[in-house]
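Dropping the structure in here first, questions after.
The first chain written gets the first letter, and so on, giving A, B, C and D; residue counts start at 1 in each chain.
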């Protein structure tokens, strides 16, 4: 079952290495089959070079393992909470990519300073609040999901397909596994460029709202005209 | 028709990846056959690894597609305006290369701090003004071209073969497609080095004008003596 | 004798190149067989591409060469002192990796600003005191080991598997050669990200202690649940 | 004639690419046969991928081309002046490597902040004075050599095998072509790390003189014990 999704999730995890987003095993990708309500995710701590589609772990949205002999990523509870709360997303990418993590550690939003950002993220990329001690003790990975969902009150997860978890690292997502990976790659790039622009001028202005609107809509709006479709 | 130019433009687009200037599909290259008045450009949103000369789109200078089944780059109107205004250029390269984009976002010129810069750009690399809301709504990609041309009043596009579009990213060009790519690569390098020199000393002086003159002329002037010709 | 360990140490030294941690021959890795009391280490100044398991030098903990025709790394006395003082470590990695060395030169601890750090290092990574002139003259490489051991009074070397030698560079270690290399790679990453977070906000807070505890324990504690074991 | 030297110089020029020190064709390497008084240098503006030993240009120390059909590097007069003034050097490497050039543009010495630096450079790497207008007009590449030699009054070129030309870029050298390339690689690394240490603490101290002495002597002094000889 889910052969195609397992192949996609496996490939995306392997592509993480070439993308430069991961060091050691610090990253995991999952995908969901909404019709079946099944999530496919990377096994925990396995080097990317050793991954095959058959290694992937299949769970239902309640977290019960349905297929697979390996333990799923330790971040699985976070993924499941996001899939339950953000009903239109099809894939999730978690990394500790360098520049996005710098922002997460500094607990600052990534500002929208240019069209590269606007092509992917409709405004500043938000940061969660830090977790309280009792939340960490009680259910660390679950609460990581809950504070993301809490931060997204009033936000559209497809228009803002990424978040920075304070003191931790980014999560990105998208309508498909491949788009989620693209967003994770874009997130790292815009984080790096925002740091650089601020170094040049700490008062670098946010992108004009009409350019943000234009760039986002030409790629994602109903009248999108970027790409071949 | 235009087989050689299509091959050159395809190759240059593929070389973008090895050059490190592009992430995802954030870059496009075009070339022009001045005799025929035909422009060859990358199709929109197609991964570089999938490009072949036959994928390239051919348009006339008025923007009518003459050959090709794919949609041209969404930045095509910008390219066409530059070809119409800058009559001696033969190729255009648009990327979101990291350090040049940092300057574009900060809306600052790239200063000429050294001979690396002087070998390619005859002075500080200029920045356009931001676009107004009505320009963005009316014809975004067209106005992107117009503000570049506006900024180049009094400048020689072959002596200054690059520009930063405020809040967006760089465009570079040259007498040939290959030279345009070289200029895009040089632009990224001098942007990175200018940031670094400023970090070391924010009062880093501009290169002495006589050294700028010497370096530019030894590579590009009528008595150029760099290289084998 | 020690064929497996020699193969592991050779492979880890070669993996240094792919890891991006080394330039020229600036790095060396050793491993120890505790049962036999024998240390295997890279020969001095030999390019990584030329290494084979048979090149490795075998010494006892007193520094007598037991096997091998090449001279051992000039840093061998430092390795031996660490093996004698830190009885549970099985491998040591010395590099001049860029960002960790920036901290060593600035003689500043690497603060624990996020979970990436907490996954590997249980708190800020310490810096040694500088060596005095007579220590350098008397026994430079030996005293490099002694000041590390001196700095670790009251610290658990497995919970804090790295140190910065003031004005020099990092040493990392671990229960096995492979884990030591992972820690060296993690050290470089967290050093780079700490610099970046401080650039964004010089008052970036240390990670909350309960998150440090959680991340360290979920990977290393008795109830660890990261990975497949 | 000089087949071995031509092969060495060709290989070193090609190795520049893998070293990450060069962009486009911004770098050139030469070597000298002191017995014959002949210099072998890269041809001007030829891509590294196209180089073969037979492309190399052979000149005498007076600058007369003795062998080769291509034009020598435009920086040849600088190389020749250095070979005439620094009688013990056997190879010269000129690049525009990013971080060393940042220092050259900022016209600041690279301070000796750590042992990585001390292993190669016996103190801060010096910067030349800027060239005057008449020097540039009269003999640009020659005066580039003269200001380097002027700056080295009282310095031993083998103990300080590199210089930064103000507003331009570094030159490195060594007793052999291969050692010159190692020094160019080391120069770039220590430049990057010095910038990083200063970012962490602008009052980062110079390395203690006894450690500088120790590291330099253990690699280069009469009692050197680094490496296999």
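Definition applied: contacts are C-beta pairs under 8 Å (C-beta built on N, C-alpha and C of every residue); 3 or more make two chains touch, one makes a residue touch a chain.
As the structure is a computational prediction, the values presented were derived from the model and not from experiment.
> Using the touch definition from the top, how many steps at minimum link chain A to chain C?
The fewest touching-chain steps linking chain A to chain C number 1.
> Among the chains, which is located farthest from chain A on the basis of C-alpha centroids?
Chain centre farthest from chain A's centre: D.
> When chain B touches chain D, do the two copies use mostly the same residue numbers, with over half shared, or different ones?
On the two sides of the chain D and chain B interface, the residue numbers are mostly different, under half being shared.
> Centroid from C-alpha atoms only, then distance chain A to chain B, rounded to Å. What do you get?
Chain centroid spacing, chain A to chain B, equals 32 Å.
> If you average the CA atoms of chain B and of chain C, how many Å lie between those two points?
From the centre of chain B to the centre of chain C is 45 Å.
> Pull out every residue in chain C that's touching 2 or more other chains.
198-199, in rising order.
> Kindly provide every pair of chains that touch.
A-B, A-C, B-D, C-D
> Spell out the part of chain D that touches chain C in their complex, as residue ranges.
It comes out as residues 113-116, 119, 182, 185-186, 189, 192-194, 196-201, 204-205, 207-208, 210-211, 214, 218, 225-228.
> If we count contacts the way the header does, which residues on chain D are in touch with chain B in the complex?
Residues 23-24, 26, 43-46, 70-71, 74, 96, 98-99, 101-108, 130-131, 133, 136-137, 140, 167-169, 195, 198-199.
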